[in-house]
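Chain lettering (A, B, C, D and E) follows the sequence in which the chains are written, and residue indices restart at 1 in each chain.
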Amino acid sequence: MQAPTQTQALIEIDKLNLYYGTFHALKNVSMEIPEKAITAFIGPSGCGKSTLLRTLNRMNDMIAGTRIEGKIAIGGADIYSKEVDVETLRKKVGMVFQQPNPFPKSIYDNVAYGPRLHGITGRKQLDEIVETSLRSAALWEEVKDYLKRSALSLSGGQQQRLCIARALAVEPDVLLMDEATSALDPISTLKIEELAQELKDRYTIVMVTHNMHQAARVSNQTVFFLNGEVVEYAETEKLFSTPRDQRTEDYISGRFG
Amino acid sequence: MQAPTQTQALIEIDKLNLYYGTFHALKNVSMEIPEKAITAFIGPSGCGKSTLLRTLNRMNDMIAGTRIEGKIAIGGADIYSKEVDVETLRKKVGMVFQQPNPFPKSIYDNVAYGPRLHGITGRKQLDEIVETSLRSAALWEEVKDYLKRSALSLSGGQQQRLCIARALAVEPDVLLMDEATSALDPISTLKIEELAQELKDRYTIVMVTHNMHQAARVSNQTVFFLNGEVVEYAETEKLFSTPRDQRTEDYISGRFG
Amino acid sequence: MAAGVQSNPFASSRKSGNRLKNNLFTGLVWTVGICTIIFIIGLLFLILEKGMPKLSIDFLLGLPDEIMEGGGIGPALFNSFYVLIISLVISVPLGMAAGIYLSEFAPDNKFIGFLRVCVEGLASVPSIIFGLFGIVLFVEAFDVGLTIIGGAVSLAFLNLPVLTRVTEEAIRAVPQEMKHASFALGGTHLQTIRRVLIPVALNGIITGICLVAGRAFGESAVIILTAGVTTSGVMWDFNLLSPGETLAVHLWYVQSEAIVPDAVEIAEKSAAVLVFIVLMINLLFRIPLWLNARKTR
Amino acid sequence: VPVASAAASKLSGKIVVNGSSALLPLTLQAAKEFKKANPKVKISASAAGSVTGPQSVRKGIADIGAVDWDASTDVPGFKKFEGQVAHKVAVIPFAAVVNKGVGVDNLTTQQLQDIFSGKVKNWKEVGGSDASIVVVNRAFGSGTRVNFQMKALDGTDFMSKGDNYKEVKSSGDMKTAVETTPNAIGYIDLVYVTSKMKALKINDVAPTEANVINGKYKVWGYGYYMTKGQPTGATKAFIEYIQSKEFQNGSLKKLKFIPISAMK
Amino acid sequence: MSAPASAAAKELGTSLKTNSGSTFGRRARLAFYNRTFKTICVVCAVFVCIILFSILFLMGRTGILTFQYVSPLEFFFSTEWVPENEQYGAFVFIFGTFALTALTMLIAMPLSILIAVFLAEVTPPWLRAMLRPVLDLLVGIPSVVYGFLGMTLLIPLLRDVTGTTMGDGLLAAAIVLTIMVLPTISRISDDAITAVPKKYRDASYALGGNRFQTTFKVVLPAARSGIMYAGILGMARAIGETMAVVMVIGNTPQLANSLLKPTSVLTSNIVMQIANVPFDSTWNYALYLMGFLLLVISLLMIVLIRFMQRKGVQR
């Protein structure tokens, strides 16, 4: 079951199995994620989309009792090998979460957090990074006069955009988005989607989404999950127009709009 | 600016102004919310949708520095008058929040929480309520064998559905949903939407949504907000097909799919 | 397949002072942690090793003796529990209620802020001053002499500020969303406090109670002044107006004034018993937490 | 006049004893025995320091004030307590003690005065090895201190500060301090002297019970019970019991106090 | 403007009002409980205040009498404490209290925070479950035992290590106090750190932060208020502790210009002398005044810490 990708595969997942204790959350997942393109994960709640996404930057490492079998390679390098520095991996593979999670710090400090972690301290340089990132996340206009305010005073939508800005600030190669727009209004969502389109020229983006239209609209390649398995995995147009699997068809025909 | 409602008005909002300290969050809002129908609030992030929703069950009471002017009547009773019992109001006007907020208790205890508050203690009766509510929220099948597990072990989507089940368990007359489906996958969303359609025969539903399709698909009446003001307020079909206000048109034409 | 990269791009690229710092930090934390463990074990060993093996039922339940070897600690041990329970029965509800007031009901103004500081200040008052206060109250004003009740109430006062603040902090730490969820379901404030805030804050509150109970069990200055250095001399004396020497006081007495030839041994055994019981109290209070954690698994 | 034994068993009431901690073991033992004969009498005791005894009696919060000196007369540092009656209950010998490692066995009154006033700072000045003297003193108000000052130092003052000077709170602390501190000197009730410390001869007289009784060793005092006026009822009976031959020659001796009757 | 409400709507409207509906009895009862509970809480809070102010009053009333005989200038700034000669300079004790508290916090705070981090972030759960109660246990060891161990183990050790003749003094007292306040500070900080939402840690790790960075830049700042509070409680305990301090500090009224010199602090001086002085003497008044002062000092320190904390938050 190989997807015909136009671009080269950046991430290769090979027979991945993941267990939470005794719960088998990912079952024999294999796929290739192309470079400089957007890959969307879709599937019903609890099917393991977030779990797979988190294996890509090894955020699952921190959940006690998680066991992984199989292999994930990014740019040819096995990211679960001993010599991999998790922090460097995570800098290169940024992530935006399902729930907005800004730090209880000022807006500025939130965005500057990542760059500071990685050794950037120059005030000017930071100012610039903060502005660029906030602009990219379509938040700059709204907050430029309040950069010192606590990030927690923002509305839900604004908070999520801030988190996106924060992820962009470390200039990752890969950007993982776990339903990152589900808390946004259409206008901001649109902006983020446009942004994603723009970014894919430079970055590899993997997004989990519940919004099939978003997947159809934005992604180059779509993966459909069910109960921890990859049911279908194809170019987006193909998957939505001529699904090969009955379950895929059932699922996407449950769509609306 | 009167909405021609087919059904009778259950909630009447009259010249409502709300201030967070000095910030004027709702400006002269007036509207009628019809009985046994679904009213959708749409508008960009930060425009005051959640704020207005919270005035309907007086959850804003708890935010220090909030000041309200104007009148809200439910079933002809001024809910901000002295004689109204806030707890009864909130029992009758249920709410589901933007962020899933289950208690750190078992799934069962989460759903049974509301009924217990209101004096239901019989084990059988509770079992029944829990099952019905979980079924209504399309969660029963997934959790029926794990009712004693902590609600926090559920995935985001499952948690939100649990919160909906919890709200339904006290059998409210009015159900407020603050982007309650934004964390759900399409299948669950669809179920919840179907459920809402079903419920509107018995309940009055007010929902905040970012998904304009959801508003278009589900609601009978739609209210469009901008910067704390009601810009337009009409039957859903009318609002989406022939918006009277340019800003409404701009906003809804920003839609997609 | 991306160009045949030989070296792993994620292998620590930066020469990374960060990484060093992280390793140093992790090492430091582990060192401190392990040292603490060793220290505590050593301390416990030191205290328990001398006393524990020599313990006997006779010692635990027997009456003390001023002249002969082999006296017990029965009445003092009994008083310890009695005084502890009474003082907790008084201070826990009072302290929790006051803490709940500060976290849930109190307006957020200067006066309450001042009050909060005062309560913290009260926690720093040396116990001997609570003892003097207890004398003024019980011995002088109520004229009941040196009694169990006087000691227990003075002890309760001593613990009140800590309990108040611990409760307040614990309840404050409960996420607002939980509170809102309960209110939105039509819960009254009391119901919300009882069914959501307290259960969620229980961990912190129990920590506070454990701290306080341990301190109460080991406190001597207050008891010496308000409950005396004598017991009624018989076992199982529930009379609240009996003199109330506790085990900690007995330990102090044995250590500083007693003439009995086996004073040192009695002191060692008493210290071991004290520490052992405090350990038991800690475990006991945790059982509800543990059950709670299991229930929601 | 009621018959003593018959009346005693019918006695009831409450006796509160407060004051000297040195007399506490005596009080506790007497109370235990007295209660056996008079079950209806409640006795509670506390000990915070000698002077609290007569003070508590004056305030009316104690019936008996145990004190290591005669508080109905003036002593260094304390005025007399008007209207209180002193009852001798025991003879308490005191000893100057040093750490085991100190090579000195005997000191004269003059040498003691010099050491405790801080004039002499090194053991070699009084015939010991070359080492700084560590002076351990009881806190002001201790009955032991008052007696030692009157009887051993002839009323001269103690030092109150210095690099090698400390004060301790109780006899037990004094014992521990002298036992564990090299080159330390202090003083303590003879009862508490252990094998881990050394009791000094004063002016060549060893601190023994025999020397106290035969009048050679001067550093001793009476322990007193103070009452407000003449005692009555249970308090009177209790004091009488503690002064009785039966107690004085029995338990009191076993506690290593000297019976009052032994002194002329 | 509104269409006539339906019967159901009217029913809902009326049911919202108090004194209506079938569940009226229960509702009234709940409301009554709610009110009663609030009243009880208020009463309890007031009661705690009353105790506080009675103690303040008790000490202040007696303490203030000192100034009939001693000038405030002498009391606060003279280093001569020789009550036998009518010299009542408390500076030595005031200074000692500040120095001892500062020294204790200097040792205890970093250590406790490290222990708290160890407990909350690093240890495997089984060890954590074991360690927490054991740490709490340290609180329950009676002060006299600490003092005794300090006297018999710590001081000889200090003597050997530093070569002084005595070993009593600020350092010994600070070490004993550190051990005594360690559980208080580390356990409450531990709770505060544990309460920091996981999402903050996730965000930091996802940005490539390591444990050190995440702990210091996100977790500890987010738990700052709790840690601060733990520090205040620990400090309060350190300021007010008597029985153990008195056994290791030397109780000599002289200014501590060295960590190893016998000195005295407010608490130790109070506890050494208060039982042994005549009730109505200037000396006794001065001791009460010192008790009062102790409370004032700890209040000041708390206010200061809170002030600094508030400034920190604004940033």
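Here, a contact is a pair of C-beta atoms (placed from the backbone, for glycine too) under 8 Å apart; a residue touches a chain by one contact, two chains touch by 3 or more.
Chain labels with UniProt names: A, B = Phosphate ABC transporter ATP-binding protein PstB; C = Phosphate transport system permease protein PstA; E = Phosphate transport system permease protein.
All of these numbers come straight from a predicted model, not from anything done at the bench.
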Subject >> Shared chain contacts [chain B and chain E, defined touch] >> reply: A, C
Original post:
From the centre of chain A, which chain's CA centre is farthest?
Top reply: D
Original post:
Can you give the whole-Å distance between the Cα centres of chain A and chain E?
Top reply: 46
Subject >> Whole-Å separation of chain centres (CA-atom averages), chain C against chain E >> reply: 14
**OP:** Could you grab the centroid distance between chain C and chain D? Build each centroid from C-alpha atoms only and quote it in angstrom.
**Re:** 37
**OP:** Determine the centre-to-centre distance between chain A and chain D, using the mean Cα coordinates as centres, and give it in whole Å.
**Re:** 82
Original post:
On chain E, where are the residues touching two or more other chains?
Top reply: 30-31, 148, 197, 210, 213, 271
Original post:
Which parts of chain A, given as residue numbers and ranges, touch two or more other chains?
Top reply: 87-89, 92, 99, 117-118
Subject >> For chain D, residues contacting two or more additional chains >> reply: 48, 59, 169, 173
Subject >> Touching pairs - complete list by chain label >> reply: A-B, A-C, A-E, B-C, B-E, C-D, C-E, D-E
Original post:
If you look only at chain E, which of its residues touch chain A in the complex?
Top reply: 125, 197, 199-210, 213, 217-218, 221-222, 315
**OP:** Spell out the residues on chain C that touch chain D in their complex, using ranges where they run on.
**Re:** 66-67, 135, 139-140, 143, 145-147, 224-225, 228-230, 232-233, 242-243, 253, 255-260
Original post:
Once bound in the complex, which stretches of chain C touch chain E?
Top reply: 18-19, 21-22, 24-26, 28-30, 32-33, 36-37, 40, 43-44, 46-47, 93-95, 97-98, 100-102, 104-106, 115, 117-130, 132-133, 136, 157, 160-162, 164-166, 169-170, 173, 175, 188-191, 193, 203-204, 207, 210-211, 213-215, 217-221, 248, 251-252, 255, 271, 274-275, 278-279, 281-283, 286
**OP:** Report the residues of chain B in contact with chain E in the complex, numbered from low to high.
**Re:** 2, 5, 8-10, 12, 32, 35, 73-77, 79, 83-85, 87-89, 92, 118-119, 173
Original post:
Inside the complex, what are the residues of chain D that reach chain E?
Top reply: 48-52, 55, 58-59, 77-79, 132, 134, 139-142, 157, 160-169, 173, 176-177, 180-183
